[in-house]
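Chain nomenclature is as follows: A, B, C, D and E, assigned in order of appearance, with residue numbering initiated at 1 for each chain independently.
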Amino acid sequence: ADKLSVRLDFSPWGVQAAMHLAQYKGWFKEAGLDVDIQDGRGSGNTIQLVNAGQADVGQVQVGLVGSARAKGATIKSIATFQRKTDLCVLVDKDSPVGKVADLRGKTVVVFAASPWAPFVDEYLKSGGLTRSDLKVDVVDPAALWGTYIAKRADGLMSTVGSALPIADQSRPSKCLLASDANIAFPSYGLVAREDTIAAKGAALHKLIQVEQRAWQVLRENPEEGVKAMIAERPDARLDEKILLGQIKLTIDYFDTPASKGKPIGWQAKEDWEAALKSMEAAGVVNAGWNVSDYYTNVLVE
Amino acid sequence: MYSSNETAVGVPDATGAYVSLSQVSKTYASSRGPIPALVDINLDIRPHEFISVVGPSGCGKSTLLKLVAGLEGVSAGSVRVAGRQLDGPPDRLGAVFQRDVLLDWRTILDNVLLSIEFTRKPTPAERDRAMALLKRFGLAGFEDRFPFELSGGMRQRASICRALLADPELLLMDEPFGALDAMTRDDLNVELAQIWQDTRKTLLFITHSIVEAVFLSDRVVMMSKAPGKIVDTITIDLPRPRRLAVRDSAEFAAYVQRIRHHFAELGILKE
Amino acid sequence: MYSSNETAVGVPDATGAYVSLSQVSKTYASSRGPIPALVDINLDIRPHEFISVVGPSGCGKSTLLKLVAGLEGVSAGSVRVAGRQLDGPPDRLGAVFQRDVLLDWRTILDNVLLSIEFTRKPTPAERDRAMALLKRFGLAGFEDRFPFELSGGMRQRASICRALLADPELLLMDEPFGALDAMTRDDLNVELAQIWQDTRKTLLFITHSIVEAVFLSDRVVMMSKAPGKIVDTITIDLPRPRRLAVRDSAEFAAYVQRIRHHFAELGILKE
Amino acid sequence: MTALLKRLFGGESEARDIVVVLAAALLLWEAGVRIFHPSPLILPAPSMVVVEFLQAPALYLRHLAFTLVMTLFGFVLAVVLGVALAVGIIYSRFLERTVYTLLVALNSIPKVALAPLFVIWMGTGPEPKIAIALMLAIFPIVIDSVLGLRSVDPDMMNLARVSKASSWAVLTKIRFPCALPSLFAGMKVGISLALVGAIVGEFVAGNYGIGFQILVAQGQFDTVRVFVSLLLLGIVGTVLFFLVDYAERLLLPWHVSQRARSDRSAGT
Amino acid sequence: MTALLKRLFGGESEARDIVVVLAAALLLWEAGVRIFHPSPLILPAPSMVVVEFLQAPALYLRHLAFTLVMTLFGFVLAVVLGVALAVGIIYSRFLERTVYTLLVALNSIPKVALAPLFVIWMGTGPEPKIAIALMLAIFPIVIDSVLGLRSVDPDMMNLARVSKASSWAVLTKIRFPCALPSLFAGMKVGISLALVGAIVGEFVAGNYGIGFQILVAQGQFDTVRVFVSLLLLGIVGTVLFFLVDYAERLLLPWHVSQRARSDRSAGT
């Protein structure tokens, strides 16, 4: 069997359901793959490790490929499942805050390695705000949620899929979407190094096929994912309700207009161009970028 | 902890003794079994008396001193000082230990002032007294040196100055002149006799020199080999104040001879 | 570092001296200015000679010993041992310092064996020798005790045993009997005289007892007050082996008297 | 059982004081939580923490064992390398100026910041965990060993020189025993740091260990589980520390700092 | 200038050795990078790091200053509280059994794990940063102070008792000076840990400091900037350490460990 190591973004949460389901069901083995799945410590960290060759594949927020390549990384996105931008600002469900401009005078927290970080100024600008109009505090992921729950912050910059189901339990919230401010940023997918794509293309292709199958199942049957994750990660003692919510919301953000009807994981040039434009505006990538450097569909088709 | 009232200082107990040891025994506990150090010690020291203790090495002289200082507890018997049973060092005590203990980081003068600084800030007058004492003990010019810059004998002399400076009622000295040459020692014997004459402190003096003991003391306590017992106490009836010349007198020689002889009989001293 | 070849041990230099100090001066540097300790010292020690140094406290006796031991460098002049200029301790040297240095964590026996363990594992025979030495110095039964369980004099005796055990060619002793009572001291004087008689080590012996110096030595070196100079060297022509009784002889008394007198003339000793 | 209780609660027992104080601290905490009832996300009650532990003790203990192995590996390496380095530093001025300086510089760089790089360089196995535990623990061990090895009575060193003692003998028979009290102080700090290092290592990679458990719990915003892990670390760290302390008492009964301890009445 | 160069490169200068070794290390690193050219994301060349620093020195120094202030606050508090605790511990068996034990337990809990809670409790201001610096630095200071305060010559303690010395006099005139060498060893470890603590504090929250700079750079995959920050920390940590070391030399010329140092030739 072909050996592949996959490093996930974080400790277990809903977005990882397909990977665990495939492993749980033995679909990788069926496909002749021997896949080692490691938990991660953040999308950025996973990208670093993939780029350093410590893992073959990373499951991360693929938009980060933009900033990673800008600093010399040689990775590409090889599949994007969650193609729609899901960055959002959480605020109290019943709060009068409904648009960017309402954040004036509030405190918002974000973590340093968050994909949000470079877009904050753009986002505020869309509501006629600058950083001096409100407080943007950088807080570690481990303290982020506590800070929000303890009401030390009015807003939490996160993603729809990860955050809303958790918020339901401790501080019911609603989302202000980044996409409303014309920010485009592809969410979860798989990345690999260019030389890995060349050398292990066949195995990666099989991996993606299995993933497509798993997501297909999850679309119909998200509970399967919950069961698989709890079985695969018994020590994490996951919360079923939150997981289920996360899986469902993740799937809600699978399709963009440009990718609708295409195979799961397939990436639209338009989507990537929109993302790169956003990144160029945020100063993450320099003008003159070439969209095909950032992703490839060869392993999806 | 023991604390006499201020006025009680120097007040003897019913027997007229300032220090009184009765039926005292001391056994050290140790990993390899108990070590008996002193057995059945009875000794009364009158106020203002100068008592010397002589005895072979390891016989328990330092142990005796530590008992009177309240630094070690007795295994049996009792130690009374100024009418009180000890359960810690008595008040107004001065001590010179066998091994000089100077603080490395203080100059000699500051080491001498330590005995005062332990309880309060020294006055300028006390500084002057300290300088005078250092001079008297041949350490003039070394006030500002640090202990490691001094010779063994000089360190020991600094310890003596320290004990004297605080002007105690009761002075305990454990072989204070042990590291001194015969010449310096004779000098300091004269100085100490003079100081005692002037201040009449009660003095318990341990020495390994019989000549020194006879020269300085009112009484000389002789101890046997370990475990230490008191074998005899000899009263020295020589006129005071004493000069070094007294050592050439026949009576003096007789005392020394008597003590030597006594030790020889006990098999302690070869003749 | 100095290292003589094995066969050179005990070989005197051209002048017939085993230890030879010529025009040696020593000044200590210190934060408060230089301290002159020794001035213009000339001294030759012949092989197998027993030399004592006497002089007032602080006159530089310990400094002299440290120069011969190669532990301090001279400020001027030269020190030669076994024909070689020193730039570190010479070979086959044994030393007893003024302050006993025992390792707290070793029993007395192990402390004595240390002088051998410094270079190799002691043999059972050497252990036996160590036990015999301890016995000879009155420490039988204390082999297994730790230093803090011993009296001052006992610790010093253990240091002496340690120096003797390694069987050195040249022995340096700095007031080795300083902490001992007169009785034990006399005993050990006899022991040391005996040991020297049997082994004929070259011995540089510092003492503060004139009687001890005369009793033990071939020659007695007299030093002046600090900064130390050699004021006289007196050859002791008493028959060997010597018994304690020799101290009662007229010649002995004459030697002692002569030294005392000499010091008195120099204003060092009060008469 | 009664004997044990008596040992714990009767007389001058050391254990009793510790238990009493810990119990008091926990009670205070519990009371505080019950009165102010903060969100369990911010501060859970100790009772919740205990209940949580009892629900899955095997799980926690398994991960704890993994952390412990990393800790001990790192610690032992730190002691061996640290003492060797300290010896080098006191014998060679060159090493003092170079290795020592580099070590100081390296120690000033937080391992939490370096840890991600370690993983990039060494991978996600046990190596970076042991390496970080080692790097954290070695510093106090070196510093304290250097002090200890240098604090030998100069007269004792003179004796050794006069006796032509080999450097090895001076080191093993004088300097090293003399440095032990200081070395133990360094090891006490070091053992705690090794544990911290193992956790920091687990924070950046791997699927095992208490550090991983903390991360997982943090990821689920489950403060109660974070607290179980933290409390377990506190307990294990204390036990490790007192094991070193116990070894010290066994090995150094001769040192004043120990004598003062067994016989405090003599102190002022 | 020539005088300086001479001091640095002529004779037995300490600075020269350090500079030479650091330069050698940097050259080796640079050469390695030029030969194997790893991705600058994994290991940048020192030249790149220097160039990056020179592009925005004011920025880095501003953040460094913030970190330094947090560090020094934490360190000074740690010294004051640590020495006070150590004194309490040696005078009271009760405190030894309780505070000491709690301190040990607390120290075994990694501050990286605790830091998020600190932020939740104390907010994103300077408080948690100082608190973490303090908590990290205090432990070696307490441990080493306890050892030092206990290592007094028993005869000196006897002298004090006989002289009816007040507890205060014993503490200030004997125990404390006697503990200084050990305390300095603790402070050397402590100052490094205070710096680490400030960084850990900045890692979890706040918009200032070198720790924050590292986080932001990491988030942007800018390893070069991470290295600038790490190198600055290494330099600042080394300078702080040697300041403590220098203070020690000034204050403790009398201690054997210092005498041995100024006159190594006497050592074997």
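To be clear about the criterion, contacts are C-beta pairs under 8 Å (C-beta built on N, C-alpha and C of every residue); 3 or more make two chains touch, one makes a residue touch a chain.
The shown structure was predicted, so the numbers you read here are calculated from the model rather than taken from an experiment.
Common neighbours of subunit B and subunit D, listed by label, are C, E. With angles rounded to a multiple of 5, the C-alpha fit of subunit B against subunit C returns 180 degrees of rotation. Two chains share more touching C-beta pairs than any other pair, namely D-E. One finds 85 Å separating the Cα centroids of subunit A and subunit C.
Remark: subunit C and subunit D have CA centroids separated by 49 Å (rounded to whole angstrom).
Note: centroid distance subunit A to subunit E, computed from Cα atoms, is 39 Å. Looking at subunit E, residues 42, 116-117, 120, 153, 160-161, 165, 170, 203, 218, 255, 259, 266 sit in touch with two or more other chains. In subunit C, 31, 71, 99, 146 are the positions where the chain touches two or more neighbouring chains simultaneously. Contact of a single residue of subunit A with at least two other chains is seen at positions 48, 52, 142, 146, 150. Per the touch definition, subunit D reaches subunit E in the complex via residues 14, 17-18, 21-22, 25, 42-43, 90-91, 93-94, 97-98, 101-102, 104-114, 116-117, 120-121, 139-140, 143-144, 147, 150-154, 157, 160-161, 165, 167, 170, 181-182, 185, 188-189, 192, 195-196, 199-200, 203, 211, 214, 218, 223, 226, 229-230, 233-238, 240-242, 255-257, 259-261, 264, 266-268.
Of all residues in subunit D, those touching subunit A in their complex are 39, 41-42, 56, 59, 63, 116, 119-121, 123-124, 203-207, 212-213, 215-216, 218-221, 223, 225. Within the complex formed with subunit E, the subunit B residues making contact are 66, 69-71, 88-89, 91, 93-95, 97, 99, 101, 103-105, 114-115, 117-119, 146, 148, 166, 172. Across the complex, subunit A meets subunit E through its residues 44, 47-48, 51-52, 67-68, 70-74, 112-114, 117-118, 136-140, 142-143, 146-147, 150, 152, 284. Taken together, the subunit C residues at the contact with subunit B in this complex read 28, 30-32, 35, 54-58, 61-62, 98-99, 138, 144-146, 149-154, 157, 175, 178-187, 190, 208-210, 244, 263, 268-271.
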